[in-house]
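Below are two complexes that have chain A in common, paired first with chain B and then with chain C.
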Partner chain A sequence: MKKNWWKILGPLLVLYSFGMGLLTPLKTGISDIRPQFISAGDTVKMEVTGYNSFYKAAEGQLRAWLKLDQEHALAAQAIEVKDDRHLVLHFVLPPHLPQDADQADASLLIDSPVDGAHVYPGGIRISQKKTNVAPGSGAAWNAPIEKLHEKDAITFPFRNILGETIRNTYYHVPMWFAMFLLFIGALVHSINFLRRKDLKNDRWAAALTTTGLVFGAMGLATGAMWATYTWGEPWSGDVKQNMTAIGLLIYGAYFVLRFAIEDPERKARISAVYNIFAFSTLIPLLYVIPKLTDSLHPGAGGNIAFGSEDLDNTMRLVFYPAIIGWTLIGLWASQLLYRMNTLREKLLWGH
Partner chain B sequence: MIRTVARTFACFALLALSTTTLMAQQEADFMRSMGKMYVVVAVIAILFIGMVLYLYSLDRKLTKLENQISHHDEAETTH
Partner chain C sequence: MSLWSEIWFLLGKEVKLEWRQRHALSGILLYVLSTVFIVFISFQQISPQLWNVLFWIIMLFASINAVVKSFVQESGNRQLYYYQLANPLAILLSKTLYNILLLLLLGGLNAAALLLVAGNPLEDPGLFVLAVVLGSIGFSVTFTFIAAIAAKTSNSSTMMTILGFPVIIPVLLVLVNLSAHSIGLLQGSMIRDDIIMLAGIDLLLLGLGLVLFPMLWRE
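Up next, the complex of A and B:
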């Protein structure tokens, strides 16, 4: 058991990622605002729906702002607390926006000593009749945003649309990391086979590719599930999805090739060369082409990943162990396949 | 090998399609309730099913190997 410690470590890390990933609460957020289209000069009653909020406990200490940019913000005149989840904010909008434009997008910022400051980013559209705006007419937008509270607790970020599904970062993304690491292992074994002509390397390459493909299939299925409730449909023909499917099909052909060749030496040689080819197509398909065009997927074109908004330090505490854990489980699964195929080769060919 | 890989893919495609379309039609509100928490549950269920399918295919391969071994033994005792 001493040399198999990693077979225990892998499942333990995954178990930890399930526990931490599911039990840690999300930060307080704002899930809905009504109305979202307002006009300069209006008096607005804005109904706010909070998420994981405790507004009752902070009644009287709440503050709220409509924020246009770093310098321009408008404080709420009054804040009614309906219950823990619902607020009504009263704003008296000045007759003009500071900008000479038809409209501007504002964010809503709420500060609570209980939940900390939370924001609804950029979802409120303020329109104005474009007149000759006199200089200084935006002077009313000068409420200072200061002394914001920060909640002192272990939480994951709240993101609109994502909601609780931000936790899928620990279950969907590690599939791809594990797949990639297993494919790298298979690549190394394929190269080593071509150098040393040892069938052991070929069996390792085949086993690692099989498990890598299982992880890829799980990544694709979990991605489709996640996409259904965030992008609107399981398969939206997004460039990241399409290219990944092509990449996995190219890897799938590796097994078609192996199945078609009888002679073990020839099979090993040709499939080793094919594996190197398959890996070299995977990088542009998964990581280059999606970056060149527009994609809904984080980390692809027009959509950054691993920014502090998507993956903060608390998430890293769960995310990295999950990657290591799933990779170790993948190695274990590959080793089982390798050992079984070694036994079969011994039986059939005597080596 | 190729057949199991193809089957795994088909299973996942079917699973993803059937569950998501079914849920999207009938239980959209359920899946979206509690801040879409059940999407996370479904994702974890997919991982579980994936591991079970892997075990199933390994089981079949082992059965095949066991059969080969028993044939092998029979051949040795008759000769």
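Up next, the complex of A and C:
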């Protein structure tokens, strides 16, 4: 028990990440607004579809703003609550925007004492016909945004397009972490084999690489599922997807190479060399090339990284345990594989 | 003997060996010519985009066929003899250098044959030559090391393809991009980035080869 505590910890952490990751609700958000293209000077009836919202319970206490920037916002004249998920907002837009431009992008901000404040970021385009406006014509955009409510509950962030799929962060990303850690373990064993010529190191390297490759395949599969719902198709030709597939092919060749050599010592030496080679090509494939070219992934091709905005503290509470849990399960599986192969060798060679 | 003179001497040996068994060299040159001809007959009309891709695909297959024999054409006993005489780095580098020369020859022939049968889409021949030179270096560095691994297995030409293709894809992607610039299919200032990335990948693979080859060589 003292020696094997981590074999219990791993599955427990993974089960925790399943439970917590699937059961925690998302924050209230705004999933749809129409119309999204409006003109200055109009009176607009804006139909809003909320997500995880309880507008009925907050009827009469709701407030809404069209927000242009930190200083300029316009409050809704009237708010009709149709049901828990649907609102109709009435805005009377002033004849001019504060900016001297053809158009401006506004965010919609709704504050509710029940759900807290939630926002539809930057999706509403306001055009104005007349440019060259006189100074001070944006004076009507001066509604103060204050006394916003915060909801006290454990929730995950709501992001448009991502929606509920944000939970895949706990299943897709840890696969890559686990794969990478297992590959690092295999690399260390391969280097040690070349230094000490101990066949144990070779068996460990092979076992860790096998499990790592399984995690890589699962990462690719969960990624393809995620891409189906957010990017439109399972294989979007994204550079990181392509490079990962190449990386896994390079690692796949490791096993073909092992099958192609009979002599155990020679097999161990050649595959150790190849394993070091494969790992060294994996780094530029996964972490250098995608950063240099356009990618749909966060943190690549000039996209913002998965940082404080997307990964809030509640998500960290599930995300990090999931990484640890999957890695421990990977280690356990590798250990079983290692033992199995050791026994098989013993049966074959009698030592 | 210093490393450089060893490399120089071994390079001379490779060239001499190739010249004595001209059938291997003429075989691979005929391979390129007949592939270009097959491609021409099957496609009839070759657009600039197709020209670009076909050039690199033919180059890829011809290179893999040309490089695979690097370590298998000499018998195990003679390899043992080299091992006692020469530095393993000199052996790897001389074979790599020799393969660069061979692939440059192949690239030139490939380009000449395609230009002859499929017309000339090149707008910036200088850039195209640069792409071929960088491509020959990249292919040679990668495939020579892979050939050293594959030579240790029982089925080296199949292993060469299995091990070599995934590794070469990033190099090939950048090369296709770079020569697309020279054909005028792509515009923009990405050329410098492409060249730097290609040089970076080439250097990384060469460094890996130099570090790992001595462990592979030893039997």
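Here is the rule we use: the second predicted complex is superposed on the first by the 347 of 351 C-alpha atoms of A that agree within 3 Å, B and C clash if a C-alpha of one lies under 4 Å from a C-alpha of the other, contacts with A are read in each partner's own complex, and residues count from 1 in each chain.
Throughout what follows, a residue touches a chain if its C-beta (ideal position, glycine included) is under 8 Å from a C-beta of that chain, and two chains touch if they have at least 3 such contacts.
Please read these numbers as outputs of a predicted model, since none were measured by experiment.
Asks: Are chain B and chain C a fit on chain A, or do they clash, once the structures share the same frame?
Replies: With chain A as the common anchor, chain B and chain C both fit in the superposed model.
Asks: Going by the contact rule set out at the top, does A:Ile270 touch chain B (first), chain C (second), both, or neither?
Replies: After superposing on A, A:Ile270 lies in contact with chain C but is clear of chain B.
Asks: For A:Thr281, select first, second, both or neither according to whether it touches chain B, chain C, the two together, or no partner.
Replies: Only chain C is touched by A:Thr281; chain B is not.
Asks: Tell me the angle subtended at the Cα centre of chain A by the Cα centres of chain B and chain C, rounded to the nearest 10 °.
Replies: Between chain B and chain C, as viewed from chain A: 70 degrees.
Asks: Which partner does A:Leu93 contact after superposing on A: first (chain B), second (chain C), both, neither?
Replies: Neither partner.
Asks: A:Ile79 contacts which: chain B (first), chain C (second), both, neither?
Replies: neither
Asks: With both complexes overlaid on chain A, does A:Val256 touch chain B (first), chain C (second), both or neither?
Replies: After superposition on chain A, A:Val256 lies in contact with both partners, chain B and chain C.
Asks: State whether chain B or chain C is in contact with more residues of chain A in the superposed arrangement.
Replies: The partner with more contacted residues on chain A is B.
Asks: A:Ala104 in the overlay: touching chain B, chain C, both, or neither? Say first, second, both or neither.
Replies: A:Ala104 contacts neither chain B nor chain C.
Asks: Quick one: is A:Ala333 in contact with chain B, with chain C, with both, or with neither? Answer first, second, both or neither.
Replies: first
Asks: In the overlay, answer first, second, both or neither for which of chain B and chain C A:Asn168 touches.
Replies: first
Asks: Once both complexes sit on top of each other, what is the least C-alpha distance from chain B to chain C, rounded to whole angstrom?
Replies: 12
Asks: Do chain B and chain C land on any of the same chain A residues, and which?
Replies: The overlap between the chain B and chain C interfaces on chain A comprises residues 252, 256.
Asks: Which of the residues in chain B end up touching chain A in this complex?
Replies: Touch residues, chain B against chain A: 1-2, 5-6, 8-9, 12, 15-17, 19-21, 23-24, 31-32, 34-37, 39-40, 42-44, 46-47, 50, 53-54, 58, 61-62, 65, 68-69, 72.
Asks: Which residues of chain C touch chain A once you look at their complex with the stated criterion?
Replies: 145, 149, 152-155, 159, 162-163, 165-167, 169-170, 193, 197, 200-201, 204-205, 208, 212, 215-216, 219
Asks: Spell out the part of chain A that touches chain C in their complex, as residue ranges.
Replies: Those in contact with chain C are residues 194, 243, 246-247, 249-250, 252-253, 256-257, 260-262, 266, 269-270, 272-274, 276-277, 280-281, 284-285, 288-289, 292.
Asks: Help me check something: in the complex, which residues belonging to chain A touch chain B?
Replies: 18, 22, 26, 31, 51, 162-165, 167-168, 171-172, 175, 206, 210-211, 213-214, 217-218, 220-222, 224-226, 228-230, 233-234, 252, 255-256, 258-259, 333, 336-337, 340, 343-344, 347-348
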